[in-house]
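Several structures are given next for inspection.
Shared between the two complexes below is chain A, which pairs with chain B and chain C, respectively.
Up next, the complex of A and B:
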């Protein structure tokens, strides 16, 4: 297990280095080169000196890369001349909002989808299974702006139970405690995510139910609940872990449509704005953070595999 | 142009404005001034008892927040949202434009008395205003701004136009603490110089005359000191996180002071207790500007109320109720609010590309072809359809809304090129074109003579035009599809290419080279979703937009008669000169005119009185009050 752990951490470190190189190379691949990409306008002496300081322009590429990496490691992700704010400051204000939204929705979705998927598998082709399957099709196929708009119309405009916009308070604590404003955007994302997760869990559980060890457990006298919770559930969670790992870019990258609809200046909205305005420091800084987060998240997911399924670590070693 | 930078100007100016866009951005400019616009129409608000105090929450345009506080704005940040939603609340311009519903000089809100002209000497006498630090707003503050313009205007001032302010000023001097005198270089029209040049001045306090927190400078007296002062202030101005704490920006002469800013772009203003200008007895005490990620998000909050309801917002055009015949607005879908359509002082158009390097330059240069194309623009249908009944028909280079004395009697008669495909077909056929609705219309009689296609058009040349436009504006996209469809009925192929607002601006500004060094650029028509705002050059003389070589003459239109007539409008104070020019250019059609969409459909809560709106989009929330 330790060898596996060390190997995966080394791989993650290499992937992170790769991400940083790709992001750094993007400065040079963008039209007009790094100066126009970063500044997006005419150069003043002050801007030019800041650029030289932050990115080491005019020196060998390797030195520039290390100089930039040094800035990044010291928390300087650059400055948005379009917004007049540091990228770090934009990140600090948008990341908590996005995490509060997407992470909460993902956790709730998993909490709903796992029992629902198991129940569907246990009662395959029953009325419950069919109804839940139908609902998941609807949820899976419904555009988030439509679902969000319906929820706003019903619960905010008509019934005045929840707010029509996401939490506007700063910081993750302020966002999480404003449940009245957080409910509808989280609900919108949750419905869509539940639909996806439940289908995975159901299919995985059906596969597990057909395995020999389930028949053995039943033969040994285990009742249905014991079979599901002790034997089927752990094995069905493996694809869910995969799905959770695959969800990481979305969790970190935000949900543009939901953020835009609910007036949440989250990661997705910021990236979209930056792309519209050619605000490359923001694009690159956010890309780097999302990339790093995804690599770290994948590492955690892999470790989760190893814990859930010993075959993983033995096979790979 | 200037404020038009939002609408257009140099590429650099636009970028800063987004904004947006715009309606980009941009769409941007549009909504913003919401407040200034909302005239209370005999509503409940005017019938009840005014009360003092209270907070007003105000919706900023979607995706747009102020990002520059210094009122000597550099090109990268020149935008309406910066001026109207931030700078002018804190720092008042020398002359204020917007008199009720007209874009005229407002002598009451100006910091100076109307200028006095003796030949080429202009005298400006200041009123007894004071800065919040107790210093008087005096002649030095005007000189400070003028010297900065002279020092860095050509490179760093967003509204600079070569050959105009301050190039047309021979000298400027302080006569006394309340009087400044300028000697101007030419026999300019007094109204033009007042409305288009002096209109740009914003007095700046002595507290800003420095190159660092503890290093005073002397830009007020020495032009040579000004570049360093600008560099310092410019750097400070573009960092919103320091606006509230900086001692620089706390010195204000406007009715508001900035007391709050958060990273999302929410701004909080409180009344400046030391404001020395006119203030009504009853007024609000705090003004908050709230950012929105989309128009839909703003509209949801407007409808739902909630934790922080909006007092002044806007209605997206797609949600606008169609007004009954003769009414300015339809049934308001938001209960408890008043709806008002605000039209900006400007024109809406799509420029042609006259660049001689362009493959279709010969086609675009034919006046009869431009007239035929204009006859295919169904402005009335666009207003009734995509604009939901809100919009004004554009007739020429001078704004049609509001109706000013600048509009010629002929223009007041209505659209000279109303939708008429039959007349368009006749124009083409009579000039040697084989009109082929089933294919692409082509020239079959090349040549310069009567009945021939015209110079620069070879036999077989197809009437095919590329139109690049900014995506994200629903009514513009619908209007363009309608134009494409109308044109196809006569075999005219208009291919549409959508790009982001910034990309369209980048392509049209500079993408075709300069008037002396042309480059091929891939468009014959360009639509960034807006047009031209006659702010802060309030007199619609056309020298910045249609004159040969003008920086904002995007399509590089050039016509000697037009240039001469424009020159007359700059020299003569008679309206006749402007009428003559506009009647000439209206027939020339250097741009394709499209309807003027409302700048905003303003919603204001019924218990709030927000005064008369201004088409210049400036706003005066210090005049707003709640009623009981």
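Up next, the complex of A and C:
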């Protein structure tokens, strides 16, 4: 177990270092180099010295990288001259919104996809299985912005049941209690995530159903319901944990689109705005934070997997 | 994924085997392939039969409902939606397929080299994959399109640059098992170089895995392109694609102009589902354990 832990954590650390290098290297791809790309306008002495501090400009590349990393680790993600705000404060205001959106959607999606996938596997090739499989194909091929637009057309424009714009309340409590405006964005992201999860749960449950212990349980007189809930469910949930970790980038990508469509000022919305305004400190700072978050998320998922499934600790390389 | 090829194959054999499997394909592959051919014909041959003016803006004709003269209505600029659907589809299909293919090629080479070399090179190359995969493709794409103004060629490159990672992991796994096979060992023993072993012996034997990846990659690339265009950072005017058409329709969403959203949306879904069907069908035919993520 400890060997596995150490190896997995070392891997995550390497990935984190990789993410930081990709972001740092991007500064040099910027049009006109980091200086003019970040500041845009004329250079005042104060701004230039702030820039030197934030990115360690003008020194050997390795030193620049390390001093930039030092600043990042101390919480200084740079300053957006387009917005007149530090990247850190933009992050603090937008992170809770994105978390609220993605966590709610992911939890609901898991609660829908796990029973659906199990039911599909239990009655393989039945009508239910075929219909749900067809739906998950369509869900998988459906661009998030299209699904969101259809929901807005139907539920906000035609039926006036829900709001067409996400919650605009300043605080996170206000966002979470504004269910009328929160429903459509959460629903959009949930449907996409269900399509992502259900196929996985189904094939994972099919694999579990083919195992010897299922035959043994049946032979020992367990009925199919007991086999499903006691034996197949726990064993097929374990890989789903990894899936949740692996799906993080995809869910966050979906959240970006949902935030832009429903005008929710979360991290994805900020990135989208920054890309349009060429606000590189925000783009790069947020990319770094999201990359780090994903690495940490999949590490946690894998550790959970290792705790739940002892085979992993011994056989995985 | 191991041991499903009884005998090693070279490129010609691999290509023949692939063609054979596609010909003897299961219903999913056939259904997907039919949908792809039909949509391609619609986009490229359609304009020959359904002639429309896609160049001139005529605001007086704007936002017309579907009816005679304009089968799918007109958009805000008075341009025929059906005609735009065909023309925009050409771009969506060409850029999506090119980006998906390029991504699969990059991923296959990266994975084959890493898996074949093993050791430190493998570890370093796969940590690079870990790092890039941690950043959502869409975020990376927004960053890249903010740096490089997006033309169709740039879009092919940046989408490929963000979507080769899954393939790289799969092909690496395949290469790890293939490199210890006797025939690869024999090539090395007979004096064949590393490049020879990778390109002539490992790559063709991993063709099944690669073919499955290509179809999934194209499906993802078409979705990513549409999303980028919808966000205003994809195809730039006067060019237009399906995502960009939907973005235009969404501006009038409160007026309920559904015909400016649904046709392009349906086209995207059909094409993406089609490529996913082909991928799933091929995967079943090859009997590999590769799974859609």
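Assume the second predicted complex is superposed on the first by the 303 of 317 C-alpha atoms of A that agree within 3 Å, B and C clash if a C-alpha of one lies under 4 Å from a C-alpha of the other, contacts with A are read in each partner's own complex, and residues count from 1 in each chain.
Quick note on the criterion: a contact is a pair of C-beta atoms (placed from the backbone, for glycine too) under 8 Å apart; a residue touches a chain by one contact, two chains touch by 3 or more.
Quick caveat, the model's predicted, so the values are computed rather than measured.
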| item | value |
| --- | --- |
| Combined model on chain A: chain C and chain B, fit or clash | clash |
| Contact breadth on chain A, by residue count: chain C or chain B | C |
| Partner chain(s) touched by A:14 [first = chain B, second = chain C, both, neither] | second |
| Partner chain(s) touched by A:152 [first = chain B, second = chain C, both, neither] | both |
| Partner chain in contact with A:164 - chain B first, chain C second, else both or neither | both |
| First, second, both or neither for A:276, with chain B first and chain C second | both |
| Touched partner set for A:229, first chain B, second chain C, both or neither | neither |
| Contacts of A:84 with chain B and chain C, given as first, second, both or neither | first |
| Which superposed partner A:260 touches (first chain B, second chain C, both, neither) | both |
| From 23-31, 59-67 or 131-139, the chain C stretch with C-alpha clashes against chain B | 59-67 |
| Footprint overlap on chain A, comparing chain B with chain C | 149, 152, 157, 164, 260-261, 276, 278 |
| Partner chain A, residues of chain B touching it in the complex | 12, 15-16, 18-19, 63, 67-68, 75-76, 231, 234-235, 238-241, 262-264, 266, 291-294, 296-298, 300-301, 303-308, 500-502 |
| Sites on chain A touched by chain C in the complex | 11, 14-19, 21-22, 26, 29-31, 137-138, 140-146, 149-150, 152-153, 157-158, 164, 199-200, 203, 246-247, 249-250, 252-253, 256-257, 260-261, 271-272, 274-276, 278, 280, 283-284, 286-287, 290-292, 294-295, 298 |
| Chain C to chain A touching residues, read off their complex | 127-128, 130-140, 142-143, 145-147, 219, 223, 226-227, 230-233, 243, 246-247, 249-250, 253-254, 256, 258, 261-262, 265, 268-273, 276-277, 291-293 |
| Chain B contact footprint on chain A (complex, rising order) | 40-42, 44-46, 81-85, 89-90, 92-93, 149, 152, 156-157, 160, 163-165, 168, 170, 178, 180-181, 259-265, 269, 273, 276-278 |
